[in-house]
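Questions regarding the structure given below will be posed in turn.
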């Protein structure tokens, strides 16, 4: 897994738009502890902005009344939160044990050679971004690649090449 | 008194006073280089004046200069400064005075006058020696006591006990010798040894007193505080014994006193047991009679000795590692030249003697000079024995030292007296 | 297994030996032999003509210390104080500072060895985790006219090169 | 005292306090259970798995000791093979990405990871892949420098900022082998207790930029002491060392656990106040600006005191009880008025509810107990009428220069017995150097009436004389600190039963303080 602790800043203050603001207020009362709202709030921010910026994290921490570092922890922990703008095709390769044993590394290496992106990077043309993620829950059909939320199971290098070709 | 009398008094006293002093330098050199050679080392040989090392003799000059210019410290805790200063003088002077009674040549007969060749012509001879040498220990005791230092006191006490213990066997060894010679006069003793036993054995003391000579030499070693009896200094256990607080020339006096004592006791041993100035089979009269052949023999022998000496120098006085234009070989060349000029001068002198001055007074003087030379040569060898023993034998323990003195040497000396007396009484 | 006991024959109990004199003379003959051998030819002396002839020292010789450098010339020492900790004579004095060349975080700003106190045991070399201090300068004669100049600083230690080739030094177990 | 329970450790019966977890309870009886993440002040987190032990009562084979309270009859296994194996395994796991740069790590010598490795593991690494590299030498603010590679992710620092300082600057970001402690970008540590993180970090991940690389910890002598930074009187360790050819100097203060006073932590101001003990010290006696011998100085002071008609003595509220007592005696001896005026030591609004107090005087309660007047009125009157002021180390300008006092001081002939070179002593005609609090022993009472004793920690090459010794040289009868106690006991009711030699490390909470609070 790549280091996700480098946050990007938009340079502009972040705030939920009216719809999400109402959604936030509606949801937060559900939780006995306000901090439980962090993850839904992060989702909302990602929906609104496409990715989660420094300002968004600060805003959420402020809004919930917790430390920004705590929101930061969660945002970096879960790989489904995008901490930087993703490519047109966001490729997630599972790196947990089953997939690793079934040679996910070949796929990662292929991407590094062919497109020139390493985990955590986005290709220069902005079409592909790669992330190594923790277990996607399809260990029986490892290795798993997720492209824009869509699962592709029992991948090997050939299948992946074919998959990549369909994306071009 | 004629002018000749006065001249001879001056000459004899000068001999008695300065020869031991010159020998101090020779002995220190012999001790250090000798020690080195005994132990397969080189010894001090670096000191030089303009590149001339004189085989290490320059080191003595350097040491002397150093000692003379060192700060003369009298420690603040010394209460009796007078005795503190007196002590080294006492040691040195008593050692020097002993030599005054030792004959270094046969009685010199010039015309009708007889000159006894001692610094102070005295009949008591050996008694003077015993008296004065016993006095020397006062210097050591005083030094140890006035130093106000426990090592000093211990050293002084040891020296006192040691000297007293060994004076007894020494004296007893002498008693039997006196019985043999029948005199206490050292000149007469020396003359006695010019005779031959059974017509072919020189009648030297050690032949007549084989046990006595051993006892006497051992006791003499102890008297002079030399190894293996140098318990008074004992560096390992009492630092430096009685002279631990001394520095500079006062220390040098102790040091010189020790070497003078060594020289004097060598001279005495030679006088008493090794024929004094006598050349074996050549009595004074024989030499006077056959002066010319003897001189011719010397004239032939000198270049031979000179040749071997020069060769020895060339072989040894060089650098034993690679060196461009080895300065030591140049040094040797100078020495060899000096040696040959010395030989040449001697040859000329002897030739002049042969041609113009032989017979009468000149013969007598020549013989006296030969005897002085013999005496010094013998003494030198005896000093070498001192050095030799020092670098061979380890030091005794103090109880062993006393045990040897009282339990071995004393009974042996008494036995020796008994046997000697018995033989003298039986055979007359 | 019991210890084997061997009775050693005691020397010195015969009459002649107890007389001591004979043995003294025997001993003196031995020393006299040496004396004449050396007197007649002093090239046979067992001495080295130091300082003209210097001894050949091996790579294992513990001479004066030096500090080594990386190949790019930067100081190997990371100021870990292991040598100072191990030094039985307390002759090493280090002050550490930050380092920014990427080799390490830490480097010595002062590294003094008081050669007057050093006993040349080599523990510092053994303790060093970086091979930064070595005693391979081949300098065995360390003399000076003042106490102050016997304290070597960082610069002095770094300046002195090693006297041996790397492989030779390594062969010596260094 | 809590009730005792009996339990068995490795089959051996021990008796421990109930209501604690296994780590704390067994530590008291000398049994160590290795742990990284547990800290008594931060509670059990259970993330490091180092403290796993076996309990033989049908539980799972391994339970974390930090989360297991002691129970009567509990059978604890510490040295079973499977416990040893799990300890080895946890250590191997922690060391996978640890850089093992102990030679340059400041923590080496007091590092839990190092100690546990030596005690429980000693295995070689089996890893063949390259280690994960992370950030090094990261400035977290407040003098805390972080090394992410050395971190074992115990989370003590994170919990400290969240639970103790409630500022929450730190968090553990990322997951798995990329996890690391980090600050939120642009929000560095910003609290007055941040350096405690360096203390509680079990490894060398958190280092203090102030102490960093200055000395190896095994050289330091660690003597207990009391912080004199404010009236809290926090328990500290004075870590000092005499380097070769140099003087004994303090390298750092660390918090010493004293649950009566400061708990487990101290504030950063107090921690960094060690520098004041090293720097700016008055080391020689002065007469009109010229250096004189100390004995000469004492003679001069005696002379002046004998001549003075109406001397005034001023004592520092930082002095120990014994010193105050001795100065009180000497004031009586010379017929001098005695003041403990020290309003300048109070800095309003600086304190908080935790460990920092407004009052920066360490022993104001001592002044009160000995009934030494510290009112401004008394001091001003005294100063106006006196012809000789003897100032025992009282920094009248502590909180800033007081102009009214300054003009009065400039007019008065004064003698300063001082440990530091400060502006307030500049007007003194005679200056005597004296020891500062790390260089003498004594007792002080903090604002909560806790009596604490501290011992002399530093032994300087030229040991400065402490105030008590100076009073003795001036003719006082008190020889040393214990010698002052019979008198103190007689005159101060609430100290009557105190045995100064038997004051425990955590101090004694004084009773009936209200009754004796007369001087205030």
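Lettered A, B, C and D in written order, each chain numbered from 1.
Please note the rule applied: contacts are C-beta pairs under 8 Å (C-beta built on N, C-alpha and C of every residue); 3 or more make two chains touch, one makes a residue touch a chain.
No experiment lies behind these values; they were computed from the predicted model shown.
A.B. asks: Of the chain pairs A-D and C-D, which one is connected by the greater count of C-beta contacts?
C.D. replies: So, comparing the two chain pairs, more contacts are at A-D.
A.B. asks: Which whole number of Å gives the spacing of the CA centres of subunit C and subunit D?
C.D. replies: Subunit C and subunit D have C-alpha centres separated by 46 Å.
A.B. asks: Centroid of subunit A to centroid of subunit B, CA atoms only: how many Å?
C.D. replies: Centres of subunit A and subunit B (C-alpha means) sit 109 Å apart.
A.B. asks: Which integer distance in Å separates the CA centroid of subunit B from that of subunit C?
C.D. replies: Spacing between the chain centres: roughly 45 Å.
A.B. asks: What are the residue numbers in subunit C that touch two or more other chains?
C.D. replies: Residues of subunit C never touch two or more of the other chains.
A.B. asks: Could you check subunit A for residues that touch two or more other chains and list them?
C.D. replies: Touching at least two other chains: none.
A.B. asks: What residues in subunit D touch two or more of the other chains?
C.D. replies: Where subunit D is concerned, no single residue meets two or more other chains.
A.B. asks: Just say which it is for the chain contacts: an open line, a closed ring, a star, complete, or other.
C.D. replies: Drawn as a graph, the chains make an open path, so a line.
A.B. asks: Flag every residue of subunit D that touches subunit A in the complex, lowest number first.
C.D. replies: 134, 158, 161-162, 167-178, 180, 182-187
A.B. asks: What residues of subunit B sit close enough to touch subunit C in their complex?
C.D. replies: Within the complex, subunit B touches subunit C at residues 34, 36-42, 214, 312, 315-316, 319-321, 323, 388-389, 391-393.
A.B. asks: Touching subunit D in the complex: which residues of subunit C?
C.D. replies: Those residues of subunit C that touch subunit D are 78-82, 84-85, 90, 93, 96-98, 104-106, 129-130.
A.B. asks: Flag every residue of subunit A that touches subunit D in the complex, lowest number first.
C.D. replies: Going by the criterion above, the answer is residues 1-5, 7, 9, 54, 57-58, 66-70, 72-73, 76-77, 134.
A.B. asks: Hey, which residues of subunit C end up touching subunit B in the complex?
C.D. replies: 21, 24, 27-28, 30-32, 34-35, 38-47, 49, 52-53
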